[in-house]
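Okay, got some structures for you below.
Below are two complexes that have chain A in common, paired first with chain B and then with chain C.
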Partner chain A sequence: MESLVYIALFAPFVGSLFAGLFFARSPKSILVGVVNPALIGVSFLASVALAMHVAEFGAVHVTMMDWISMGGLNIPFGFLVDEVSVTMMLVVTLVSTVVHIYSNGYMDHDKSFNRFFAYLSAFVFSMMILVMSDNLAGLFIGWEGVGVCSWLLIGFWYHKEDKPFEENPSISPSWAANEAFIMNRIADLGMLVGIFLIYWNVGSLQYNVVFDALPNLADGLLVGIAIALFIGAMGKSAQFPLHTWLTDAMEGPTPVSALIHAATMVTAGVFLVIRMSPLYSMEAVSGVSMFIAALGTFVAFYAASMALIARDIKRIVALSTLSQLGYMFAAAGLGAYWIALFHLAAHAFFKALLFLGAGNVMHAMDDELDIFKMGGLRKVMMGSYIYMGIASIALAGLPFFAGFYSKDAIIETAFNEGTYLIWIMLVITAGMTAFYSFRQVFFSFHGEERWKPLGFNPHDMYKYVLVAMAPLAILAISFGWFMDGYKAFITKNLPAYEMSDHTHHIAWLLGALVVLFAVIGIWIAYRKYAGKGAMAWQRDEKVENSFIYKLLENQYYVPHAYDRFIVQPYIVASDKFWEWDNKIVDGTVDTIAKTIYDAGDKSRTMQTGNLSTYLNWMGAGALLLIVAAAISAVIG
Partner chain B sequence: MIGVSHYLILSGLLFSIGFVGVLRRKNLLMLFFATEIMLNAVNIAFAAIGNYYGDLSGQMFAFFVIAVAASEVAVGLGLLIVLYKKYGSLDLEVIANMKG
Partner chain C sequence: MDHILSILIFFPLLAGILGFVVDKGSAKAYGISVATVEFLLAMWLWMSFDNANAGMQFTEFAPIISQFGISYNLGVDGISLFIVIMATLITLLGIILLDESKIANMKNMIVSLLFLEMTMVGVFLSLDAIIFYMFWELSLVPMLYLIGAWGGPTRVYAAIKFFLYTFAGSLVMLVGLLAMAYLYHLEAGVWTFNLLDWYQLDLSTDLQFWLFLSLFAGFAIKVPMFPFHTWLPHAHGQAPTIGSVILAAVLLKMGTYGFVRFSLPLFPDASVSMIPFIMTLSLIMVVYTAMVAFAQKDMKQVIAYSSVSHMGVIMLGVFAMNAEGLGGSIFLMLSHGIVSGALFMLVGVIYERTGTKMMSEFGGLAQVMPIYATVFGVMLMASVGLPLTIGFVGEFLVLLGFYQVSPIGTIIAGLTIIIGAVYMLTLFKRTFFGPITNEKNRNLKDLDRRELTALLPLVAIVIWLGIYPKPVLGPIDNSVQKLLVEMEYKARTQEAKDMIISMKPEKEESDKEAK
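Moving on, here comes the complex of A and B:
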């Protein structure tokens, strides 16, 4: 079993090195496009085998070698494959495999084809370390690794020029990459503090040791650790107020958005909370958990509201990701960890599918993102239309699709906990989700062909790419059917969350309510954007000038506020500090250098070339030394 | 009675003459003479002090200085001849060509 763990972990690493070392400077190589997906596929197969092993015999815990061992600090390179991490491994490797194959088609004409695969495989490797590590230090390494890869991949088209902030809030890919990286750095500081607190008070970072020691810690300390770790999770999972980077991260290539900013990396925050569930489910930190649930609910609603009017196809999907992450945190905060993890997996499948579908549309429309310029694409892009439709239905949560089971379970949990405010917010958000996801589908695939006058020439993606997307589509439909089996599997490790009898009794009613909201949302979207006659698609000046529309369009002015109250003052302060630095630090150093230089400049006239002058100087020096020696002899 | 102090005064005077010569003379050959005077002033002091303490090493050292001075003069005179051939003069003002 040990070798399987290493294969699952290191196959992506080998792929990354393969593409990065041997093909970094060469033009597009088919070999990279074949070998890298194959290696990720190997990793996936190893994960499947591990999952079966774990289901039968329980967790696999291997220690590869000592990593840091000095003084009282002992951190081994250990890997823990249990029910939680194997779920993540399956999700990560499966989505990665599809995305790798997809990238072959999407990045077909890009001159940095090989570099892209090197980064993408490196990301998968980092993500595997993150989920498989058996200690918090390893998790942190993976955490930073995915951050770096995310930075590399968002800024993949780093040569694109900056645009003014008013025109595009994510000024350019390199700007967006830096924004993502810096925001994550802020959050990572919180996470580091949490890890240090654990180390100081427990003396180890191994999960099992930490969990055993938790009940002996003081309540205040537990709350501190929980808050600090959650700050880290907030950054990675883009929770308010550190959320602006996720929508701006859409500047990266679409496969990256699908893999990193929808299916895997952004869910790392949720994974952290689930992994630390023994901490978050303690009585002492119930306040923090409640806050997590409340914040998650708020973000779910907040992001969904912005998605209602967004015009950029990728931003809509990104905001829906944000919203679904909110759902996951709501579930995790309420104690239903396994439901959060289930939604995480289901979401990864249908959201990756949705993103790849959006990528197909972009590819067809020559990288045009504005859905107002699309419409009627289903005639030319049947395959993508079907996939996007499936993914949207799953996202909207219509019965028998993956999203229905997982989202419904979260909403049921909120009801069961008696937190009715959270419950009603989540139900309303479910309706909004259905509306905006179908708004996007209707906008791009139904109605008039608005692209015709604009001179676009759309065509569907390569056949093999569409075939490669099929596993995601199948899972987006069917993943929910395995809910009971998954529950039996996962609750060996995570606390089983059971609905009370009362909730159980009216579960069908709650589900029906959610479905009703979703159907209403879809119906409104259909009437407005895909219907015929006067109600059909048209822009409404009055609505677009209204306060709420402006508020939503500008993302509640949060990016503006950040720019105005953080970025601009920071620039001003930096300029001031730069001036001070010039005067004080540089000034001191410069003065020393200038003094020496001046002394040299003055004394160089001594060198006349005339031996007599030199001898005079030498004589003067000799006399001086004798006098000095005499004086010191007299004094001494 | 001539004591060690007389020798030392003589040595000091000779050394000063040589020193001033080194500082003031402009002709390289004269500079050589001046350095020879200084060396020999030191030799007198060595010999006198060696005698005063009854220690032979002073006189021994004087011999060393004479030997070194002889070889120095041999090499130095050779260089002076080359210099004279090159510049047609041994005046320091004339051969100064390394200005800073």
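Moving on, here comes the complex of A and C:
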């Protein structure tokens, strides 16, 4: 089993090195396009084998070697494959395999094809370290590793120049990459503090040791650790107020958005909370957990509201990702960890599918993102239309698709916990989700072919790419059917969250309500954008000038506020400090030096070579000495 | 090889003197061979170093002026071993990077560098205060010459500033060292400048305080600590690449090494009581100079100010009073040496090609010089402390260790991972990303063989010690624990004893419970 763990972990790493060999040299190597997906596939197969092993015999724990050891600290490279991590491994490697194959088609004409695969496989490797490590420091390696890969991949087209904010809200790929990295680092500081707190109070960073020690720790300390670690999670999972980087990250190539900024990396925060569930489910930190649920609910609604009017196809999908992450946090915060994890997996499948579908549209439309310029695309790209339709149905949570089971369970949990405000918000958000998902589908695939006068010549993606997307589509439809089986598997490790009898009785009603909201959302979208005589895609000045529209279009002015109240003051303060450094700090040094120099220069005039002048000075000096001696005698 | 330490110190000196008669054309080759031998000697030292022994090894002792107790006294332990190795490595790679076609008087340059190497190695191996002081001051001379003879337009101002400023501090330090010997004489009746003897001397907290301050003057200016740092940007701004590389990589470490070797074990009580003072200055260094670095328009100045910021983190580690923090700070000295050395080399590379270091002149270099951009990227990531690069290990350990001293201080110091990323990523974006704005840069050549030879070993070390730092951490850990035990034993006040953690935390816990 040990070797399987290493195969699952290191196959992507080998892939990254392999593609790295061709790094900047040849324009495109077919070999890379074949070998890399194959290696990720190997990693997936190893994960499947491990999952079966875990289901039968329980967790596998291996320790490779020591990493850092100093004083009382000892951090090994250790890997733990249990129910939680193997779920993540399966999700990560499966989506990664599809995305790797997909990238062959999508990045076909890119001159940095090989570099792309080197980064993408390196990302998978980092993500595997993140989920497989048996200690918090190891998790932090993966945590930062995915951060760097994300930086490299968002900024993949680094040669693009900066545009003004009004023209492009994410300015440029390199700008967005830096924003993502720095914002994540803010959260990482919180995470480090959590790690320090754990180390100085437990003496180890190994999960099992930490979990065993938790009951002995003081309540205040537990709250501190819970808050600090959650701050880390907020950065990676783009929770308010550290969310702005996620929509800007859409500057990266679309396969990257699908893999990193939808399916895997952004769920790392949720994973952290689930991994630390022994901490977050403690009575002492129930306040923090409730805050997590509340914040998640807020983000779910907040992001969905912006998606209602967004015109950029990738931003819509990104905002829906943000919104769904909110759902996951809501579930985790309410204690339904396994439901959060289940939704995480389901979401990974249908959201990756949705993103890849959006990528097909972009590919067809020469990287055009504005859905106002699309329309009627289903005639030319039937395959992508079906895929995006399936993904949107799953996302909207229509019956028997994946989202129906996972999202419904979260909403039911909120009801079950008696947190009715959260419940109602989540139900409303579900309606909004259905609306904006189908708005985007109708906009791009139905109605008039608005691209025709603009001179586009859309065509569907390569056949093999469409075939490669099939597993995601199948899972987007059917993943929910395995819910009971998965529950039996995962609750060996995570608390088995059960609905009360009361909730259980009216579960059908709650579910029906959610579906009703979703159907209403879809119906409105249909009436406005796809039905007979729907002309809403023609821009309406009155709406666009309204306050609410402006608020949503400007992302609630949060990026503006950050620029105005954080970035600009920081720049001004830095310049000021530099000025002070020169004028005051260095100025003082120079003044002292100059005073000494001047004193020497002035007293040089004493050296006249004239004997009588010297005698005068000698007399003055003698007098001074006598006076000094007299004074000291008096005082002494 | 009983006298390996003497050989390490004086081989570069003798080779340097011989260098005067070497043919001009082969000066660089001569320099490389000498530096290679020196580096191999240092590696041999590591191979024969006993990792289990936390004390001084390969000691050499010969009285020089016995009536004053001045002796030729050398030794190496886990703390100094790797700094010496790093110094010899950086010197070697720095010489490799020298461009014969660009540097006038290559022979003089090589001779200066070899003298400088002697003084650097000497400082870290000396166990006698006078010998230490001698090497400490001698190191100024070749550096003064490097800046003054091969520097930029205002090199004379920068060189004199560097010399006078650090020299003034050193004189105050010398007074402190002499006072220390005098106090030892009062106590024991004999004169000695032997550091290991001094360790045994029990001083009142008052005396500790004043002596601490006098040594602080010398060390703090060298580090350089805020507000004594302003000589550094001038020196870096004017120094030739090799000068900046050695200055940042090795010479600054003399200051922090001084704190570890002298201030901590000699004045444990004063060290503990000075923590708030040191912490304040260090935190200002970390945050303030990082912001100043962000404001720079010149690439080299960004790296120069970032050095000050990182040295602030090292200072915090030195005063963390536990093995995690102190050991981390020693490791961070090494990693900062490697990374800042490499970054200064990289800036030198582009300066040689274009004659400018201003970021506004660049943009889009990643398209023209992909290998250069990659190496720079690796060093950038090490500089911002990415896990699995050398930069993370030390930074993590220092912050972890200092958390025990002050959580708030650690959070402020932890800002370094944010604002460090801000100025480095901004530099990278301005220089390497975006469209190529300057037509002149369109045909720049990527790294050539000479540059790769100098840089790739550093890349390899950055990754190797990032993944597997154990061979280096082990000896450091031993020596640091020994130092802390001695400090705790020697400390007079209970406050200091409580602060100094010479044992592992879990033992500490059980001790508390036992009480």
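Convention: the second predicted complex is superposed on the first by the 573 of 636 C-alpha atoms of A that agree within 3 Å, B and C clash if a C-alpha of one lies under 4 Å from a C-alpha of the other, contacts with A are read in each partner's own complex, and residues count from 1 in each chain.
Just so we're on the same page, a residue touches a chain if its C-beta (ideal position, glycine included) is under 8 Å from a C-beta of that chain, and two chains touch if they have at least 3 such contacts.
Keep in mind it's a predicted model, so treat the numbers as computed, not measured.
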item: A:Phe140 touches, of chain B and chain C: first, second, both or neither?; value: second
item: Larger contact residue set on chain A - chain B or chain C; value: C
item: Which superposed partner A:Leu454 touches (first chain B, second chain C, both, neither); value: neither
item: Touched partner set for A:Trp200, first chain B, second chain C, both or neither; value: second
item: Chain B versus chain C as contact partner of A:Ala593, first or second or both or neither; value: second
item: Partner chain in contact with A:Leu189 - chain B first, chain C second, else both or neither; value: second
item: Which superposed partner A:Asn616 touches (first chain B, second chain C, both, neither); value: first
item: Touched partner set for A:Leu624, first chain B, second chain C, both or neither; value: neither
item: Chain B/chain C common contact set on chain A; value: none
item: Touching residues on chain A, where the partner in the complex is chain B; value: 604-612, 615-616, 619
item: Chain A residues touching chain C - in the complex, by the definition given at the top; value: 23-24, 65-73, 137, 140-141, 144-145, 148, 155, 158-162, 172, 174-175, 178, 181-182, 185-186, 188-189, 192-193, 195-197, 199-200, 203, 570-571, 573-575, 577-578, 581, 585-586, 588-589, 593
item: Of chain B, residues touching chain A in the complex; value: 19, 22-23, 25-26, 28, 31, 92-93, 95-100
item: Contact set on chain C toward chain A in their complex; value: 161, 164-165, 226-227, 229-231, 288, 291-292, 294-296, 322-324, 327-328, 331, 364, 366-367, 370-371, 374, 381, 384, 386-388, 392-393, 396-397, 399-401, 403-404, 407, 410-411, 414-415, 417-418, 421-422, 425-426, 429, 432-435, 467-470, 473-474, 476-477, 480-481, 503-507, 509
